[in-house]
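Order as written gives the chain letters A, B, C, D, E and F; numbering starts at 1 within each chain.
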């Protein structure tokens, strides 16, 4: 059965990364994976959380959120409900952890970089788009710090990119859109470094449990997708 | 003393209204007043709040919010702090009240239109940009309802637009940017209907109290600015 | 059509200001505008908010609230609901901003005066009664500080009073009671200094938008009402 | 050692009960025990909590709170802090339980009477003043219901009054003011019915534990004090 | 009418106290009163609350909570509801106050001991079991401090134990199980010191008010029960 | 380098599953993985969440929490902080999702089974112990339903068990204790069905990213561990 947009099983949606979308943020990116649009803003703070003070080490963290009408039907605002939902918490933690995998805390010094990832429109894969875009915003914030002599050497020890994969109609597919995501038996989010190693592997059987062969096929697809995204990130940063 | 962008005292910043910015919302607009960018999304709900049930009347309401890095320095998320601040509450109420001034509840039937106004970037006048853009998103949502035969006649009984005015360096000025807003002795937000009457007048002496002559000068400026914005709204809707 | 209590259109309700209603507060007033009763208590704190420390400047702020049975039907407590509503936030901010218009922060030194305005019974115009009464409590708190040599010169650079006006049955009226407030097409709250200048003008079209002539008539009425209230405040402070 | 106001050990402070202090409430009382002033408002609701529906039985409940400047130093508002403190919860529950002791739920029908007890000024014994005053407001609300034929027979099966007792300087004393309350080794709140039986006995050793003889002396004092208060309540209701 | 488990009116349920139930806590006890099981954990903190700093004095406090399925039907978690209920607040305060009655703050130095009392299973008398068990955990935590030379002399100036009593079917009974608790006309919780004095007496008429003779009978029963519990505590600590 | 308890790299800690630990719950288990102890309680509700009503389908969900002193140093209660942390949310969702993998919603009918997993003591692997224990409590609750004829056939379509694996000192190890968990470069939680397929795979590089060979080794270890746990579950249920 064909994909909704006729892509090949191992093909990404059109991905664009627009740097400098915001005027004030130290780094900012509007990233699009097909119909999914996420605004990633990096803020540099010359301090660290309380538990890290006087360690000489920096910190990187993230907050993920979705505008109420990013989706087909409207979701109530978490600010109005007075609390953050489990899904938001979970993804914020994932984004922060993923970005920390490519940062040398010592080179960062006692500074914090906070990545705000706000989903303006959602069509599947918002968390992986957020990670992929936030890496570029992070890189720009680090350049901003170097320009201002806040740091001497770059704390970036590599890059990270992320993609979703899943089994739909029995077929392993790369970068699911919302329609496929809902129909998937198994859904996996994978974060890789630019040199092809794994930072996060989160696979969930939504319907039938999956066997080792299926898992292997998904990991292969994801590794390929992340390699493509790494190239797109580098092109964006090179321009 | 000249304005930061060399505008005349009675001149608006460049204003753009892009309709259909979101795929799913029943109406959506990205509105820009110079460096201020607000995403306005209209959601149609075929129900009304509990206190209005079985009245045969509809409802229009709004929620305003700001992304954390819309501003020069980052603001904490209200969802993370677990409560909505007074300023957010106040502006949400103002936007809803302003839009209700151009709606016939009976013609709307027992439906609600909710306007989400999210500030992506802030450079002064975010509440007035939100009202001006939300009117266009509201008009689009009403067209959407008519196309689906949810309503027979248009519940729009006019249009609304809003602008800020203030006294800076002793001079009454139209459509203050952030730099002017901070420096203003008096700051006023005015909402007008398309036929030039007033819906809201909110003037505040930030520094020196203002006399009647100054108040009159500000009202004149605002009425002119709203007339310009009404024309821009009509052009956007005509296209 | 006559007013519910047969007043003239430009006549205030009976206004009483009882000073020293509480034993412990540095200043306290029970203010009545007809059936509206507000208890205003001033608390002197020898510190300022964090963002103002080491500036040499003081601060004045306010909190407004309503007892649950101040109104015809009972309102749930905001403490029980776990959050403050938009209306409460909005009025608290208005009261604080209004009082700050008559204070010289430098003469106040690094001290804060906090005005608690609790509505014991509501019959329209609670926010304007709160401002009018809170000014007197503020003046008493400042005398208390001078008696204790906390400050050398008075930080009061004038006085403020507030009143509501509105258009009811097509007629502009001063100081609306609840019954008139509900029926008003346009409702405006105006805060003036003792010398007749404006601090806040907040007009809202509840029903029909209003034109410039109506706005002018309302401003005239309000200026007259505030002048009367200023005299009543001075008599209360003189006794 | 003499009491601060030279009272005898078994003497109440001056107690006044002013009925009808509020215009709208179905029953309302301003009760004073010396410098302690509590506003008690009864609200009649023609419904019962969900867990009691279709039982044919009524309900009586209470909410206790303190204005921020009721005390020598200001307390933050619980609405601002976003949650109700343990002390407030505890006293609200005590007041409701005490009043329920004199009510026949069947005669009340499926109606709720809610007693709001707001402390305007505190000088010790606020919870016992609240109970004593709320009983009178409750009785007035019941008369109001009978006048409107909401109930046929009175659901009041007696009366309740409450007083604090304590051991200060080794001496058992009745109706402690704040200064004595702070100095008390043992502090006890006692709620009695009009016919002299106990509804609540809550004794706490603040300093030294107390022996049975001391407990007996305190109970004797409290029973006497409640008998006096019962007479004052009846006089108030008779007028 | 016989008791559900055929006990005598003045007989405790089987009581067991298992020390050292947790590996990490400075003191820990699993206490059982029949079917009621409470896990009490003592945590030593080398600091005191802000309001007590630089006083040279220590502090003891407690938090009580119930697992959701400790009871016949499940209760929602207070963490999920986002706030602590009145009953939980009230009991936490009672447990803390009771334990403080046997502690010399000066000998404790500027340290805090926090007692967590979590009800794993509830069959009546959870608060009194919590106090009785928490005393033993407290004693163990104090031994732990002495072993580490954090304190020189023991801050324990006695012991505390607690029990519930009530009037069921007209008969005063000791240590009510849940079935009796629900049926009781009067319910009383009593906390005594090891030498037989009272720390807390909290009696409530659930149904009929009680007279002085009934109150005396309940106090006698409670004093006897606490003496038994004191012996069981000492045996547990002696082993 | 040897493991802290001298286990082999592919060896589980001693695992015990005690059924029926609570009297009231429809299923309950105290599960121990070495020093980790989790109390799992199953509650049967004859209703489903609102969004699932009239579907004929049941639901299974879970709530995970930790007692404050389950850990070496005390954690504040989430009920006291007024909100649930991201980690708690994330694990609750994982436990529910894992259990749903072995349930046929149709056979369950419109009933909900809620699993409460409360960590009494934590020494690594609390979420995997929770899943493993909760499965047994779930099976007992289903037997309870069958005994009461609430369901005709068993909705259990298999079993689930979970274990943690990680790379410590460069060596892949099964079932990490806390000391190893803290030291792990990579940490993975794996949930398998009784027939050896995967339900969840959640791998995280805490330090160095991991390559495909390391990932494969961890998956092999986890599959073996889950097979062992499945056997232990079956023995527990067979007894």
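Operating definition for what follows: a contact is a pair of C-beta atoms (placed from the backbone, for glycine too) under 8 Å apart; a residue touches a chain by one contact, two chains touch by 3 or more.
Protein names from UniProt, one per chain: A, B, C, D, E, F = Ribonuclease PH.
The structure presented is a predicted model; accordingly, all values stated were derived computationally and were not measured.
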Shortest walk length in steps over touching chains, subunit E through to subunit F: 1
Set of chains whose contacts include both subunit E and subunit A: F
Selected from B-C, A-B or A-F, interface repeating E-F by over half of its contact pairs: A-B
For subunit B paired with subunit E, centre-to-centre distance based on mean C-alpha positions, whole Å: 59
Euclidean distance of C-alpha centroids - subunit C vs subunit D, Å: 33
Intercentroid distance (Cα basis), subunit F paired with subunit B, Å: 51
For subunit A, residues that touch 2 or more chains besides their own: 82-84
Residue ranges of subunit F touching subunit E (in the complex, touch as defined): 22-25, 28, 35, 39, 41, 43, 45, 63, 65, 67-72, 74, 77-80, 82-84, 88, 114, 116, 118, 120-121, 123
Contacting residues of subunit D [partner subunit E, same complex]: 83-87, 89-90, 92-93, 97, 101, 188, 192-193, 196-205, 208-212, 215, 219, 223
